[in-house]
Every structure is written in structure tokens, then in C-alpha cells.
Amino acid sequence: MDLSFPILILSTVTTFGLFTILLGEDNPWFAFAENTYVGVAIGLSVVLNTSQYLIQNVYTKTSTNLGANWPLVISMVLGLLMLTRISTKYSYISRIPIAVITGTGVAVTTRAIIFSTILQNVAATIKPLLNVSDPMTLFTSIMVLVLVLTMLSYFFYTVEHKGALKTSSTIGRYGLYAAFGALFAITYMGRLGLFLGRMETLLFPASTMYISLFLFVLVLATSLLLMKKYPELRKKLTPE
Amino acid sequence: MAIFVAMILMVYYYMKQAKPPYIRRVAAIDAIEEGVGRATELGGTVIVSPGIAQNGMDYWTVAGVAVLAHVARLAARNDLKLLVPLGGSDQSYALTEIARDVVEGQYRLEGKPDSFTIDNMPFLSGRQFAWATAYVGMILREKPALDVMVGTQWATAVYMSEVASNAGCMQISGTDYLSNVACLATTSDYVMIGEEQVAAGAYLSKDPVQLSSIRTQDIIKALLVVLMVAGTIAISFGSKIITDLFAL
Amino acid sequence: MSSIIKRQEFLLAIIVLCSVFIYVPYFVQVPAQVSAVESWLINTMPIISATAVWVGFYTLLRRQAVRASRRVRGWYYGLMMGIMSLVVVVLGFTVGTNHDAFTFLTNSFVIPGDATIYALLVFFLTSAAARTFKVRDIESSLLMIAAFVMFMYQAPLTEYYLPFFSQPGLWLQNNLAMAATRVFGFSAALGGIVLAIRLVLGKEMGMIGLIRRKEKE
Amino acid sequence: MSIFKKISTLDRKWWYLLLIIFVVVPLLNPIGLPLKVSAYTKEAYNTVDALKTGDVVLVNFDVASSGYDEVKGSISSMIPHLFTKPGVKIMFMTDQDQGYIYIQKVIAERGTLMAGKTTWPWYQLEGKQYLVDYVNLGYFPGADKAIAALANDFRGNVGNKDFYGNNIGQWLDDAGVKSAKDIDLVITIDCGGAVSYFVNYFYLQYGTPIICSMISVSAAGAITNYSAKQVVALVISTRGSAEYQYLSGYFGEALISMDAFSIVQVLLVILVIITNIAFYFSREPPKGGKP
């Protein structure tokens, strides 16, 4: 069965329904798009996770070779303890897997940053300042060092910021905000590319464009009408 | 390893000393109380996200939970409606239950266990964009007075925070990568940068023992500054003594 | 038994034990059994998480059912969400994820939804820029100027006609942004390490909330 | 109310409307504003163009639906360009569960079914046929762990089956792929961070040249890799895609969108200038805290 036409209609409605958030108020289109989208997404999370971790990992491995994979049974039991959250009486048992996951999770992420973030970045900041022929390279090395040091000084919390530290932390703060500007622009460029890509799927080929245009006008007009002329009806048609 | 052990000892030492160090105020963290105050005046609602936990329970997420616990306690004390939409990534399911447990615990601590309703902390899928859509849907309908977004927040944080700002919400946010902090700096009223968020638990506790652990961070930062300056001088004169130290 | 589990020392002991098994093999050579425990712990995390999703799913269905039975305004939207998720779960475990019915639902709602929200971000960034990029104080001015230079460098049109923006733009991208990322990394990493230590010492506030709850009862 | 006051308090809906107009109009009527090709993209084009008979290329699709729109331009030009190089053997892989969809998509878009075949993977593109000139190795879960494993023991981890269950052992032997060392070029299309894994495990171990096309959020990190010469070339986001399409002659959507791309960014700059002038003349006390 060829479902591409209903998919096209529904996906375009979802797209424009979600676009109506730009009008700044709730309306039936947004509520419809939101609730169907979230509903399917929840189902998808349940299905994908269960099949990926519980079926493919635990079930397949333990059913084929229990002897080598018995620890996975303990994992599964720990996982099942999570289900005690549903009961009010026994929910305290769920804190055992919570403690396991917290202890492990924090430790795994922390141990990696000692090397990857701190040591490697310190090493990368250290650049020779003498006998550098290219003035631009020298300028860059000095600026990076100065910026890193001043920005770092902005993050001193237990020393009062006065005197030299105040100057330094102020420079650091300014540097940080300038960097924010640059990063904002870079991010903007990326998001713009995504938006253009999305618009292209709605506009090309021409047949899609007419459907998109029709649905766009329909969604926009009804939303505006409900917002401006029939606020009571809009209220009635949206969830609280 | 040596650094790590030294740090444990240092933190422990400072905690034992329990001498309250001078602490510079962090505007974004102080603003939480201000925001709750504002929400109380408006008789309104508070919406909080402890993050999407993209990497499971990492330190960002635990820090986010600490902030959530703080807001939850203030909300319980002031009888505010606390909304916590949960989900956002395939690793967020454990966080969902942890957050519910922590908030419930805070309500009990304030002696109001009956005010806690788990339905105000719904699970809204493990897909970032679907979760964010439901989040903004809640903002549109409930019109909260304060929006706190911490922990791991990715691209959708800008979406949520602009809708919240449109709805007249005060916003405090913090996240785990700098490009996003930059975007949030333009959309939010207050933004936590780097360790301001990670160490929020310590700042919030107001307990001298805990505050001392911040001292340790500063000492290591000072050490890094010294190392970088010394390393630059050394390498400028052709010695690799300090850079070799880092080439592990 | 229940009194043991309720004690905070017991939970703290689990956290410490897990931490030890994760940290030690990373820094020193250990016997194979210890690293086996390490990888078991890492494998266990997603399994616990994947089971927890069912709790979330259950609470969601219950919430929507309650709302529907109380006939709160717009209850049918919530019911639709609940039914949709239930249908997807049933389809996923019966006909499988490659069946037409399943892909119909994902292609109609989830795929366009994801792409749309991502595309919407540019609108929000635009209005945020219009609101914030004002010469109000030094910070916001710097923010604006840096962004201005980057835009001039990034847009093909201005880069072509106003090439003098390329050099500073490139410099901002490669050096200033990099320096800030580095410092952000330092700061957050130190915070993270200290947080990890505080967690092991039982001082982390969020988790203490979790542990202390039963004491007051 | 003065005009300035009006502008500085203008409802954001008008901004949104302007944005839609300035995107849709140039998309439907491209005018072809000038485009300067950056060194990053030029180098990517030259590297692909310089491939010789017998070279083996590994193409990784680290592509997910959320970021696809940003890299689809580089996919739809770089892959066909790669296929035009005679005698080059191509292996596709992905480290995303949905990555295979996009591999099939690019091949189906420009390619045709092979004679007598009706299903995947039997497609030909630019004269290259499946299981003769290219194969799809499939999905390797586990992010950096997967890439590390591939680098250490390529054949062991790939096995003898492709994504569709065909036997590719002989093909790999004929192509001369015994280990990761035999790969002459890695192309990775990144919506996540796969390039850093390839740098760590392929470049640092074997010196394999890497070309990376990525979404702009990851650009800063990838440029650091490029400056350190760990990556030979970059195709950055939509802009880089358009440049590649221009160079390779595979004109497509990214190139069309460049007009809108320029116009919107200039529009934003102009709007910011206008609001600032308006703000200056209608100054009101700043509300709220610091940004």
C-alpha cells in the first residue's frame, strides 16, 4: 500500500501546527500536532529502548549463553527493581538501582575529563613566545594565553575581586561575552541551514509546494481567526 | 591519579576545617530565590527542567538535580505549583524517576507530602524535540512565572526559553556546552556559566563545610594559571620540562 | 531488610563502591575480574534506564486516563497522546518496527516534528538577537560586535563584497571562541571533579534529598 | 508614540514574518549572488578529485534526521563526485541507527537499479555497481568504541557480511583491504562527533587522511582538528555544501539556498542596526537583569 500521500499531508500539518507556536498562543493546531507528536515519540522511546537493550542485549545474550552472561541477569534484576517506583509502599527499593546508576554515571564522566579536558588543554595553551618569525602567530599565541588566563581569573570565587584580579576578571568577562557573540553567530548559521533545508522539502517539487501552501494558509488563517475573533472558542478547543 | 587523590584530600581537609571562606555571589544562583519570590507574588507556577541527561547520570545532571531540589524546596515552602516535564533523551528515564523521588523528598522535608503530585512531573518521551514541544505546550497553558533550565540542555533550550520569555517568564538557565550558553545568554535573564552550575549544589547549601569545597577548585585554578605561565616561559627558552608533564 | 535499604549509609556505600570500581581500573593496572566488574557496571546503566522507561510510560498513561475520566478541558488531546503511544508500543512489539503501519506513524509525526523544531530555532534566535543585541553596556556591545563581524564573514554575499571581515571573523572563530571553550572546559571539569568527590563523601545536595527523606518520617 | 519607539517595541511576530518572506522568495527565485569558495572546501574537492585507481575510501554516515538538512548538500555532491573517480573502491558505514536510510537515499536519488535487479542494494551510480565497486558495511553501534575496534581489527569487526547479508569477503580481498591501514581516505559526514574518533584511531595510528563534513555547531571543534593537520579538509554545514556543489557541478538545493542564506544574515545585521538606532533614540530603562 502506498502511504506516501497521507504521510505528506500529515507531516505537513504537523510541521505547520508546530510552526503556530510562533504566534505565541495556544491553538488547536498546535495542540493536535504536539499531542500526536509526543504520543508517537513516547511509544517510539519505549519500543526502541526495550528492543535495543532488553531484548537484543539481555534476552539474546542470556538465552544463547547463560554461563558467560550471567551478570546481565543481575543487571536485569536491578532494572526490575526500578519498577517498584509504581508502588508507594515499596518505592524505596528503587533507590538501590538509582544509587548504582548515579555512582557509576558520575564516575565514568569524571574520570575521562581529568585527561581529555584539563591536561590536554593546558598543554595546548602553552606556546613559545620567543623566536617566532610570523608576527600573526605570535600575536595569536599571546592573545590566547592572555584570554585563557583572564577568563580563568573570572572564575575565582573565594577571592575578592579587587586590584589586579578585578582588572583581569573584567577583561576575562569581556572576552567571554565577545566569544558568546561569535559562537552565537556560528550557531545561527547552522540553524539557518536547517531551516532552509526544511523549507526546501516543503517547497520542492512543485506539487508539494501547492499542498504546503494550501495547508499553510489554512492553518495560519484558522489560528489567527481563533486568536482574534473567537478567543472563547479557542479556549474551548485547547487543553488546560 | 595523583592529582585526583590530592584533590580528595584537599576537599576533605577544607571540609574538616569548616572555616567559611569568602564567597563571591553568583548572580544566576541568587536569582533563583528572587524568581521564586516573584512567582509567589503572582500566585503562579514554576517550571523546572533538570536537563535531558544525554550522557546518563553525569555530573551535569547531578548538578541539575541539586538545583531542582532547591527549587522544589522553595516551591513547597511557598505553596507554588511546580511543573517538571521530564524526558528528552534515551538516557533520561532513570533521571525521570530520580527527579520524582528527589522532589517528593523535598516536599516531605517541608512537611507537605500531600502537596506533591506526580502528575505535575510527567514523562514526555525520550526524544529531545518531542519533549521540548510538550514543555513549551505547558508554558503556553500554565503561564509560569519562573523557568529554570539546568543540567544538560541541548539545541531545544533556545526554543523553550524564547517561548517562556514571550509568555513573560523570568528565566535562569545553564548548560553543558559553550555554544548553547552563548545562545542562552541572549535569551535568558540569568545564565550560569561552567562551574557556576556544576558547583551550584555547594553554593546553595550555605553550609560552611560545603562552601569550602569551592575553595579547592580555586586553588587548582590558580595552580593551572601558574603552570601555564611557567610552561610558556619555559618553552619560549626551549625547555619542554612543563609541557612534557602534560603529555601523558 | 527494609530498614537497611532505607538507611542513607547503605545507599552511600553503593555509590562509593560503584565509584571505586570505575575509577581504579582507569588509573592503575588491575586484575581482569575488577575490570569485568567495571564493564558490567557500565553495561548495567542502560539496562536500568531501559526498564525505567516503562515506569514513565505507565505514569503517563495513568495521567491521561485520569484527565480523561475527569473530563478536564481538552481531555481528548491527552487521550489522543496516550492512545497514540499505546498503539506505537503495541505495533512495535507485534508487527515490528519495519512494518508499514509503524513507519507510517513515525514518518507522519516524529520525523517532521524533529526537523521542524530544529528549523524553528532560527526564528527564536532571530528574535533573541533583536531583543538582546543592543548597545546597553559593554558586555552586550561586545556580544553584538563579535556577532556582527561573524555574520559579515559567514554570509557569502558580504564576504564577497566586504572581504576585510574575513580575517577578524576567522580569528574570532579559531581563537577567541576556542579560548573561551577551553576555559569553560576547565571550569566545568573542576566543578565536576569536586562534585564527584562531594558525592562520594555524601555531601551532594540533590542526592542527599533523596537519601534523607525517610529520616523525617 | 515615535517611530523609533514603535520599532524597538515591535512584536516579534513581524520579525518572523520577515524571515519567512526573505527565505521563501529567494528559494523560489534564486538570483545567484556571488559565492567565494573557502580553502576548506577547495581542499576537500581536490582531495577527492586526486583519488587514483585502486584507492579505497571509507565513507562514514554519522547522520541523524535532526541534522540531515544541514549536511544533505554535501552528501548529494561529494558522494556522486566520489563515484565518478575511476577504479576507486568505496565502503559505506554508519555509526547511527538510522544512517543507512541516508546512504540509500543518496544512491537512489541519482542512481538507477542494476540490470535485472529490483531491490536494495543492487543500485548503480555513475557506472559503479554494488558489490563490484562499492559496498555498504552497515551499522556499527557504540560510538568511539566502535571506531576504535574497527581501527584495531578492521576485518574482524566487519566480518564477511555486508548490511544486506551478502558475502563481501572476496570483495574486500580483491580491494586489498586487510586492515585499517589499507584505507586511503576516510570521509565522515558528521551530525555527531565521529570525526574525533577517526582522528584518534585512524589518523593518529595510521595517518589516514580524513575529510569531514559537519553541522556548524561542531565546526569549531573540527577547525581545531584542521589547524592541527589531523583532518585534511572540511565541508562546513550548508555553506560548505553549496561550495562543494558549485565545484563539483552537482548543483542542488544547498546552492539554491545560498541566496536566502546571505540575505537572511544581512537582514539580521540590518535589523540589529535599525533596532539599535531606534533603541538609542527611545532609550528606556533596561528591564530585567543582565543577559
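Per-chain residue numbering starts at 1, and chain names A, B, C and D are given in the order in which the chains are listed.
Throughout what follows, contacts are C-beta pairs under 8 Å (C-beta built on N, C-alpha and C of every residue); 3 or more make two chains touch, one makes a residue touch a chain.
Just so it is clear, the structure is predicted and the values come from calculations on it, not from any experiment.
The chain with its C-alpha centre at the largest distance from the centre of chain A is D. For chain pairs B-D and B-C, the one joined by more C-beta pairs in contact is B-C. With centres taken as mean Cα positions, chain D sits 33 Å from chain B. In terms of their C-alpha centroids, the spacing between chain B and chain C amounts to 12 Å. Between chain A and chain C the centroid-to-centroid distance comes to 6 Å (mean Cα coordinates, whole Å). If you average the CA atoms of chain C and of chain D, the two centres end up 24 Å from each other.
Shared contact sites, meaning residues of chain C that touch two or more other chains, fall at 23, 27, 45-46, 48-53, 55, 57, 59-60, 110-111, 113-115, 117-123, 125, 127, 129, 131-133, 139-140, 143-144, 148, 151, 154, 173, 177-178, 180-181, 183, 186-188, 190, 192-193, 195-196, 199, 207, 210. Residues of chain B in contact with two or more other chains: 4, 56-59, 62, 87, 90, 93-94, 97-98, 101, 123-124, 126-127, 129-130, 133, 155, 163, 166, 178-179, 181, 183, 185-186, 193-195, 214, 217, 221, 224. Counting partner chains per residue, chain A shows two or more touched chains at residues 18, 21-22, 24, 31, 33-34, 37-38, 41-42, 44-45, 48-49, 82, 85, 95, 97-98, 101-102, 104-106, 108-110, 114, 118, 125, 148, 152, 155, 176-177, 179-184, 186-189, 191-192, 194-195, 197-199, 201, 238-240. Per the touch definition, chain D reaches chain A in the complex via residues 12-13, 16, 23-24, 27-28, 67-70, 72, 215-217, 219-220, 237-239, 253, 256-257, 260-261, 264-265, 268.
The touching residues of chain C, counted against chain D in their complex, run 111, 114-115, 118-119, 122-123, 126-127, 129-137, 139-140, 143-144, 148, 151-152, 154-161, 163, 173-174, 177-178, 181.
Against chain D, the residues of chain A that register as touching in their complex are 22-24, 183, 186-190, 192-201, 203-204. Across the complex, chain A meets chain B through its residues 18, 21, 24-26, 30-31, 33-34, 37-38, 41-42, 44-45, 48-49, 82, 85, 91, 94-95, 97-98, 101-102, 104-106, 108-110, 114-115, 118-120, 122-123, 125-131, 145, 148-149, 152-153, 155-161, 176-177, 179-184, 186-187, 191, 238-240.
On the chain B side of its complex with chain C, the touching residues are 1, 4, 7-8, 11-12, 15, 56-60, 62-63, 65-70, 72-73, 86-87, 90-94, 96-98, 101-102, 104-106, 108-109, 118-119, 122-124, 126-127, 129-130, 132-133, 155-156, 158-159, 161-163, 165, 176-178, 181, 183, 185-187, 193-195, 197-199, 201-202, 204-205, 209-210, 213-214, 216-217, 220-221, 224.
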